[in-house]
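After this come two complexes, each holding chain A, first together with chain B and then together with chain C.
== the complex of A and B ==
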């Protein structure tokens, strides 16, 4: 196959990242949408999964430049791939379980802050414990499963197919789970914790399970992400990831799995396409007739000439999305208003 | 020698605690009347620090003396706080805490990234000369560090007097205690909430300026990153309780400085947070219960 042309390659990238964020959003949706838990530290579970995959598959440090990690398993590809993903899922779930142990019994606000801060602390651990994570250099030789057998383009497509299958699989399992009595129990805790308690349910255990399930899904997403990029760097796992996932969930509609996936694709497509803003601006400028060419600069002024302008504007839009969705369409694009009514009521 | 070191660490802890205290009190005051945790609060710190730099270093074509620049910046951020509240929070104030909290995350993204898109990510610092440390009874302090403590103590006293002695303070306490009762008693609570936003945002800006004085240089994410520390102090003191926040801030400041001196300097924020989690597990309402 010839090298994929620009647009096709762009769409494959967007679709792959979209699927990974779809998984992340499904995980967060278990926490917030179904159980009403405010998790502002989602990125920690994602990172835990990615690092778990990296650690079990990285080659020995002697074969890597700038290596200072001391723990590696060097599992062979492609047979080690399922093991690596299982490890990612497990570690993501385990971290969520541990964080949950300290904080699920806190009230809404306390939980929001506890998860946000614990994720921050976890980020500090990733940067500082170079023996485990290779510090801010990152783990840059995570193997891409099957890459040796396929051309670059074929691998991109094959991996996309795999990620999509993983997304569909998790989606089906979750849909099934949420229709089961366990799903009703989660919603019961969301709607009224005291009512669930009165029925003899241990709500803290329910919340802990919800936390671990969502964390495990995020861990799986992390493992898939690590093998997709072939490198895991601390700078990828910043609080912005958490809030991008939140934006996706709110936009799609909390407590809706269709919404979670749809929102993730929309947000990722938007974020990836903003890289064309300056190109589009210049293009519009160049095709405008001479007489009109003063209009755009007059409207927008010269775009600030610093490299962080476009990335920053991207997050301004994400922020505006939060504000607008909450104010004008709390149920999101695909959500059910009746489910949202119960969210956010306390006491 | 060991004792000197201990004492010095304690003093640094108190200095940082006094920076945190100003921010924590501001955050907790606004929580008292609005009943949601404001994730955009860190941006008030950032804007305070950046505006001060711009005003002092001639970005707007004027180079004010640093203290004047700081005061102007603090007032401007206070007004910004009121504007933010009117645009983003007042329209949904009857919808409960959760929509407000989520909106505040959006607001923090908007404010932080507008600044970053405009000025870029490179670090800035206040035009402050390096200072020699003077010896006060065996403790080494610069005049600046001493100044930070003084400013913070004066601010705490001012807030104490405001709450206890002025009509505005009493109305704030009434609104915080029971908004509908305050309304029935003839208090214009909407107005009180706006005034509280001004005080809260201004305190945030002051905290940002003090932070910038102590820990230059800084970047547009400075406030967002320090938010964890301020949250820790606020929760430790019991959310919505100004005196608790002051106490919490001192504890957090001490914990962070003792931790980074005697354990590892890589985990400053973690110490703040471990203290908090430890306390919350025993006393979920924070160290200081009761009304404010």
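== the complex of A and C ==
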């Protein structure tokens, strides 16, 4: 029953979160990388999936403290798990479809603003409709499937295996879709909507499909995330998630599914590694000869003893990573420069 | 409810506006494409002001006129990019105005653009295959669950792509990205895409503008060859020699109106045309 030792536990956490962000990034890549849709509200689909899973699996409010939700299905684990994930996928896709219906005719930057705003509205709905979402208390008793049968460590490993399998599955499905004429259709709409229309393709329908597919994948990621953490709180679903996913996609290379997954792991690993900044600083100080021990404090000053220091360093790390990629490899690590040549431009 | 039936409105409002301007026109019901009193306004500017002409099946028709005459706007009206403010457009006798560009393309009107709109981030081959009609693999579920059908269709599509690229002599560029093509090659690629759509009428907006002379001859030869195979072609062009040598009929537009139309030899000698377009003599 011994808890996994520090490093191993850290790697498992990073890998699990990395897989979940990999799914999110694959979803966004359908929108932007393949269809050219500037979706800046991706977190809404993630949240929709997480809440859908929570609602179908939460126990009755009478068994939970601070509960005010009035809708729960209490599906038993582990059999309810696939149903929960199916619901998450469906709700994520449905929300994307609805947001798409309102905004998909907007071009490039207008779509970016519309999706960002609608995601904000959706976040407010999650906070305020407490009968459905339990408001800002969140839903904190989302069951972890199979947890009762396994030790804490074994469950962590088993869940990682499951998430990794889900990522591989989604990756394979997407690869098949994008290698088929369907992928060609998305790319054509990305490159020139007016040309696609002139060749008899219904671009609005294509964009709606793209929106729904990417949203469904983000919804699935949300469901997996909810059952991993065991709790769903509105504070988790902030625009920072959207921007992290964007960073992952651009770092990995838009229009590349390998890039989406690779970028997600890279970003998550870098973000998580910021927690070692203090440790690394102290370690360097301890091994440096005394004569040199003044250098780091002189360069950086003493590290602030502030609980928000490490989280805020995440932005810095991602920013530095971003600058490096944009400067030295603008197409991303796995992107094809010829393909993303004109991405995001108007006709 | 009459607002929803543009055909009636159009006929009432503009049925007779073209008579004066277009004495030689012989718009008949046997024309494949009929443009009948089409009007397009942008605010106070009347870009297309009651244009009428017909495009005979299996003909090459040239649409000429000075800059700003409204030729490209008329193309946009015919293909549904712009809603018309009056008049009618008929394909095979069926009204097509008021429909979306997508629908009009599916009904059999293929077009290119003055500035080629190739899919830059896709290969020449992908550009071409994109335009093929009725692909099962274009539907997500079809792509996932009907690999057999998708594979067979794709083999057909790729065979047609190869054939068409061969015809346009673009075959050596099949796997290059369109972003690497020259301007003339892009025009050819756009023509190729339209051929993949297999339309009833091919509308080309300045297909040889900016194309080098060798490639121009090539392109015109291809157009005549397509015409020999029974294709109907309507194209906008400025080069009078090209128009006179290659067209069965010529339509001259000026200030948004039809100035004249008919066989090249007759149009060429029309005084109004000479004055408005050819710059006049002496």
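In the analysis below, the second predicted complex is superposed on the first by the 334 of 347 C-alpha atoms of A that agree within 3 Å, B and C clash if a C-alpha of one lies under 4 Å from a C-alpha of the other, contacts with A are read in each partner's own complex, and residues count from 1 in each chain.
Note that in this section a residue touches a chain if its C-beta (ideal position, glycine included) is under 8 Å from a C-beta of that chain, and two chains touch if they have at least 3 such contacts.
Quantities reported herein were computed from a predicted structural model and do not represent experimental measurements.
In the superposed model, A:173 lies in contact with chain C only, and not with chain B.
With both structures placed on the common chain, the touch criterion links A:339 to chain C but leaves chain B unconnected. In the superposed pair of complexes, A:190 makes contact with chain C only, with no contact to chain B. Shared-chain residue A:201: touches chain C; no touch with chain B.
More residues of chain A are touched by B (comparison of chain B with chain C).
Within the superposed three-chain model, A:327 lies in touch with chain B and out of touch with chain C [touch as defined at top].
When the two complexes are overlaid on their common chain A, residue A:228 makes contact with neither chain B nor chain C. In the superposed model, A:213 lies in contact with chain C only, and not with chain B.
Common to the chain B-facing and chain C-facing surfaces of chain A are residues 343. Chain contact summary for the complex, chain C toward chain A: residues 79, 81, 100-102, 105-106, 110-111, 113, 117-122, 126-127, 129-131, 133, 135-140, 142-144, 150, 153-154, 157, 177, 179-180, 193-194, 196-197.
Residues 173, 176-177, 180-185, 187-188, 190-192, 194-203, 209, 213, 255, 338-343, 347 of chain A are the ones touching chain C in the complex.
The residues of chain A lying in touch with chain B in their complex are 38, 40, 102-103, 106-110, 112-114, 116-118, 120-121, 124-125, 127-128, 239, 243, 246, 250, 304, 306-309, 312-316, 318-323, 326-327, 330, 343-346.
The touching residues of chain B, when paired with chain A in their complex, are 36-37, 88, 91-92, 95-99, 101-103, 105-114, 116-121, 224-225, 228, 231-232, 235, 239, 264, 266-267, 269-270, 273, 276-277, 280-281, 284.
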